[in-house]
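Have a look at this one.
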Amino acid sequence: MALTSSITGVVPIAPTPFHPDGRVDEASLDRMTDWLTEIGVDGVTILGQLGEAPKLEHSESKAIVAAVAKRFAKPIIVGVTAPGFAAMRALARDVMELGAAGVMIAPPNTLRTDDQIVGYYRQASEAIGADVPFVIQDYPLSFSVVMTPSVIRRIVMENEACAMLKHEDWPGLDKITTLRGFERDGSMRHVSILVGNGGLFLDFETERGADGANTGYAFPEMLIDVVRLTGEARRDEAHDLFDAHLPYLRYEQQQGPLGLAARKYVLMRRGILASDAQRRPSASLTAQSREEIDYLLSRVARVDSRADAFRR
Amino acid sequence: MALTSSITGVVPIAPTPFHPDGRVDEASLDRMTDWLTEIGVDGVTILGQLGEAPKLEHSESKAIVAAVAKRFAKPIIVGVTAPGFAAMRALARDVMELGAAGVMIAPPNTLRTDDQIVGYYRQASEAIGADVPFVIQDYPLSFSVVMTPSVIRRIVMENEACAMLKHEDWPGLDKITTLRGFERDGSMRHVSILVGNGGLFLDFETERGADGANTGYAFPEMLIDVVRLTGEARRDEAHDLFDAHLPYLRYEQQQGPLGLAARKYVLMRRGILASDAQRRPSASLTAQSREEIDYLLSRVARVDSRADAFRR
Amino acid sequence: MALTSSITGVVPIAPTPFHPDGRVDEASLDRMTDWLTEIGVDGVTILGQLGEAPKLEHSESKAIVAAVAKRFAKPIIVGVTAPGFAAMRALARDVMELGAAGVMIAPPNTLRTDDQIVGYYRQASEAIGADVPFVIQDYPLSFSVVMTPSVIRRIVMENEACAMLKHEDWPGLDKITTLRGFERDGSMRHVSILVGNGGLFLDFETERGADGANTGYAFPEMLIDVVRLTGEARRDEAHDLFDAHLPYLRYEQQQGPLGLAARKYVLMRRGILASDAQRRPSASLTAQSREEIDYLLSRVARVDSRADAFRR
Amino acid sequence: MALTSSITGVVPIAPTPFHPDGRVDEASLDRMTDWLTEIGVDGVTILGQLGEAPKLEHSESKAIVAAVAKRFAKPIIVGVTAPGFAAMRALARDVMELGAAGVMIAPPNTLRTDDQIVGYYRQASEAIGADVPFVIQDYPLSFSVVMTPSVIRRIVMENEACAMLKHEDWPGLDKITTLRGFERDGSMRHVSILVGNGGLFLDFETERGADGANTGYAFPEMLIDVVRLTGEARRDEAHDLFDAHLPYLRYEQQQGPLGLAARKYVLMRRGILASDAQRRPSASLTAQSREEIDYLLSRVARVDSRADAFRR
């Protein structure tokens, strides 16, 4: 099953479960995979930036992809960002063979000019093979690479294999509007736009034309509902639900290891991960941060009973 | 009246009002100043990053400070960030003479090492004079300069004139805790910590030890109430109010000219500014963005009647 | 006398002379100006990056331009780079009135995309007035802004006022070849290309099509001779002279205040400046650095008698 | 044979030879290795930044180390810089087993504060094992990470495994003087300092206290002679030889793929590499660049007969 530009809905960014001693926690990985199937996601992205991919050896990465592929029936996107095309190609070919539907590629933070960015994606697609569908990750806040709508259009039009844009520019609403305008005026073919950036603007991004979400919020059920409600033009209900989650969502969306620590902590409290451990070098929550999260979740639970599980 | 390290409460960052043709709008400036007094702020910061200071000529900057000083009885902090110490000194001396209580200094984005950052503030304080109280602006997201708590402590301890930290690191909660720990263990004297970053974490920052807010949200009344409620240990009420504003606050907190455009638009709709114009080069809101803001504000108004005014 | 795109030859970047106590040294400024006339330069750039412009107050900058304009008959280019268009406009209008031929504008280091760079120069030219000839400063090493040849072409073609490119990209030889190719294929009008970057590649840059040099080497006589010899197709002689200077030229070309300290030291030893003082914050040479420079100059003097003066 | 802090002399950075079709050229690799032995280098660094390491698959990197180790009797340093500690550890352990003497680690360009830099090297040493000697690569121009002398001292004193500093800061002479001062005042143990940055300041760096060179100039024989002559206090002779090479050395030292292209071209013309091909994505010299290099080398040959071979 290959990733295509018609993918829509919610494709969570999954963390990588570890035991406290640093080993990959396979039982948690299986449990998380099954849970994502149960709640009805439309795919999953693994080994992304927050999947602690750089801490995994090549063989571990492959084992994780194999384990997910064995029990997950929807498209699996695998992060293959690497400092060189050799490592990128090796991982991309391996994971496609193991059942991935496509790969995600972030730009190196040394790219500056429009031509450098377009050239990089051309070379990357050549390196991994034009038969491997890929996702552009557009996240200036993390990567310091700014892609104008025109640059994205050039990448899309030059590379048949480009199936999707992971949109996490900020501010980014008008960018979605511009890209959808390119499609309407015929200057760009359609690609899927799924939004990241922690989902911080999901409520309006879907209204602007995004096809869904591709982010790692600890309650993907909410993302699914908001995308669905917006699709049904039930605007107030979509915002009511989104707003109830926003105070915690904002907390989780903090950059770097702290945001991941919050996410893993909540997934542990929800019974999905056995531990919230990160592999070293790691960050951990202070007692005060955990109390703040508990408090925020207790408030979400007043509106969304799915946060109730958290209370036990 | 000099700025001291005991300042607490809410010190809004005020925008600079312009006419659509680019002239400074003095009537709006007066109206805004009086409104800030009425709602009970504890000071005001003008000519900051979002005050479009780089678009103002020296004489205009002085005129604005003079106009505010004439009718505002609380401390006025003036942004004097400049690429060179000559311009910084000239502006700092001029505005202090006109009645400013202190100045705010952001680091140039070329600083890298700890020693460079500490050295910069030492030289800046020497340049403007040790009698001029100053505020450190710690905003890595905007300036790409990362100050550890130890670096802030060094700046505070080396410079008697340092009265306040405008804290807008992100993530930043543990940083406040660490700095307050330095005070408790006696390794750092007390300075005021007022938080910026659009107020996005104000609800917890005050709990962590911040003395208040120093940011430009279009409803400073909310900031005032949250700071007060937290001070009275009315946690749930503080969060209830904060959370009601958060969906719009998040929208306004978008980086760059878009965030400012939102803020000016709301202040115009609230009757405080005659126009939401920015001086060129400027950004303006699309019709869709204005609709989104209107929608968000209508939702805030369900909880906070002060957003009702917006509806007229 | 306005700067035009037909300027050729050597236009030194002049330092700003200071007394050890930080005051502008007007006698040295006059002496330096007269010396530049005597050796036959084709213009001069003042208040550039190495002219310590950010340490000068507006009135001082104006006084320096006035002093140079009074005794210098060739085009004077003035650096007006500023964080905001208001200060840039104010300085540009003032210095043009005082007799400047044009201004030089470096891009702010926050620009990223091609459109941002082109837009910046459009706005800058609008701000200072389309009647003010300007120079693009293309120095990625200092400013972290990378301009492709296409971007430079867009700036040139959009702005009639663009008269010259100060070329200091590195590597940069092929860039000159590409830009001159644009002229030949009719896609770009002619602009003057004078090279900076300390002159480190002047020997080949002139062969590639540069019109001369716009840099601050302490022996502009050498730059003049190399440009002339290359123009006369006396390649070996040009390189012989250039190579004799290269060991010291490389030493002077060190980034930041150290390079400037070397340059001012040599100009002092040559009797042109009364002091090698920089205004604070300043850098000064260690005794070991001075010895190294003396040694290098004694070696240059074996080939170029003009370095003899240094020995006295 | 482990790398120790007593290593001195010249340790060239070796390029990776490729066939025009992109395969590793093993015959050239052997020939280059034997040539380095013949000219008397004191070690070799492979898979460094200019060794095109990111374009090599893990198995290829191992094969190259094994091939060099089989015929080279001096210390082999292997670049193991990687975006994550897992890949760094895997490569470091593998190459040490294959006979490497130590590894070289460059900092990721996202590091900012002093503590982040020190913490990174601590974590890296833990990841690869405290038994693996490592080299700090201090190259701000390439990596945008600025290490003060104090930061280097902290890394050296915290990590027994730190054996050497590859010094390529620019300006950097006073940094060497400061570090050697730390040794004299007893605050830092001795580590080897070998200089990179293309050797652009080798003539003075050795006088300042550097133990030699660790760079990739195409005539390492010159580097060897300059280090030896300086050691024998034959200053003028050292500079005479260095200065004869400087015009070409400067040309080769251009950043990025162009500098490497020049180096490989000259090594090919010298009969050491069969081809100057880079693996894709690659850069190649224009005809004009090749002519410029030929011209420069013909001038070097007037003084250094070893450049004569180039003429055939």
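The first chain written gets the first letter, and so on, giving A, B, C and D; residue counts start at 1 in each chain.
What we mean here is this: a contact is a pair of C-beta atoms (placed from the backbone, for glycine too) under 8 Å apart; a residue touches a chain by one contact, two chains touch by 3 or more.
The chain lineup, named per UniProt: A, B, C, D = Dihydrodipicolinate synthase family protein.
What you are looking at is a predicted structure, and each value in this text was computed from that prediction instead of being measured.
A rotation of 180 degrees, rounded to a multiple of 5, brings the CA atoms of subunit C into register with those of subunit D. In the contact between subunit A and subunit D, the residue numbers used by both copies make up over half of all numbers at that interface.
Between subunit A and subunit B, the centres computed from C-alpha atoms are 33 Å apart. Separating the centre of subunit B from that of subunit C, both taken as means of CA atoms, is a distance of 39 Å. Residue positions of subunit C touching 2 or more other chains: there are none.
On the side of subunit D, the complex with subunit B involves touching residues 112-116, 144-148, 150-151. On the side of subunit B, the complex with subunit A involves touching residues 141, 170-171, 173-174, 177, 200-201, 203-204, 208, 239, 242-243, 246-247, 250-251, 254-256, 258-259, 286, 288-289, 292, 295, 299. For subunit D in complex with subunit A, the touching residues are 53-58, 60, 82-87, 89-90, 109-110, 119, 123, 126, 280-281.
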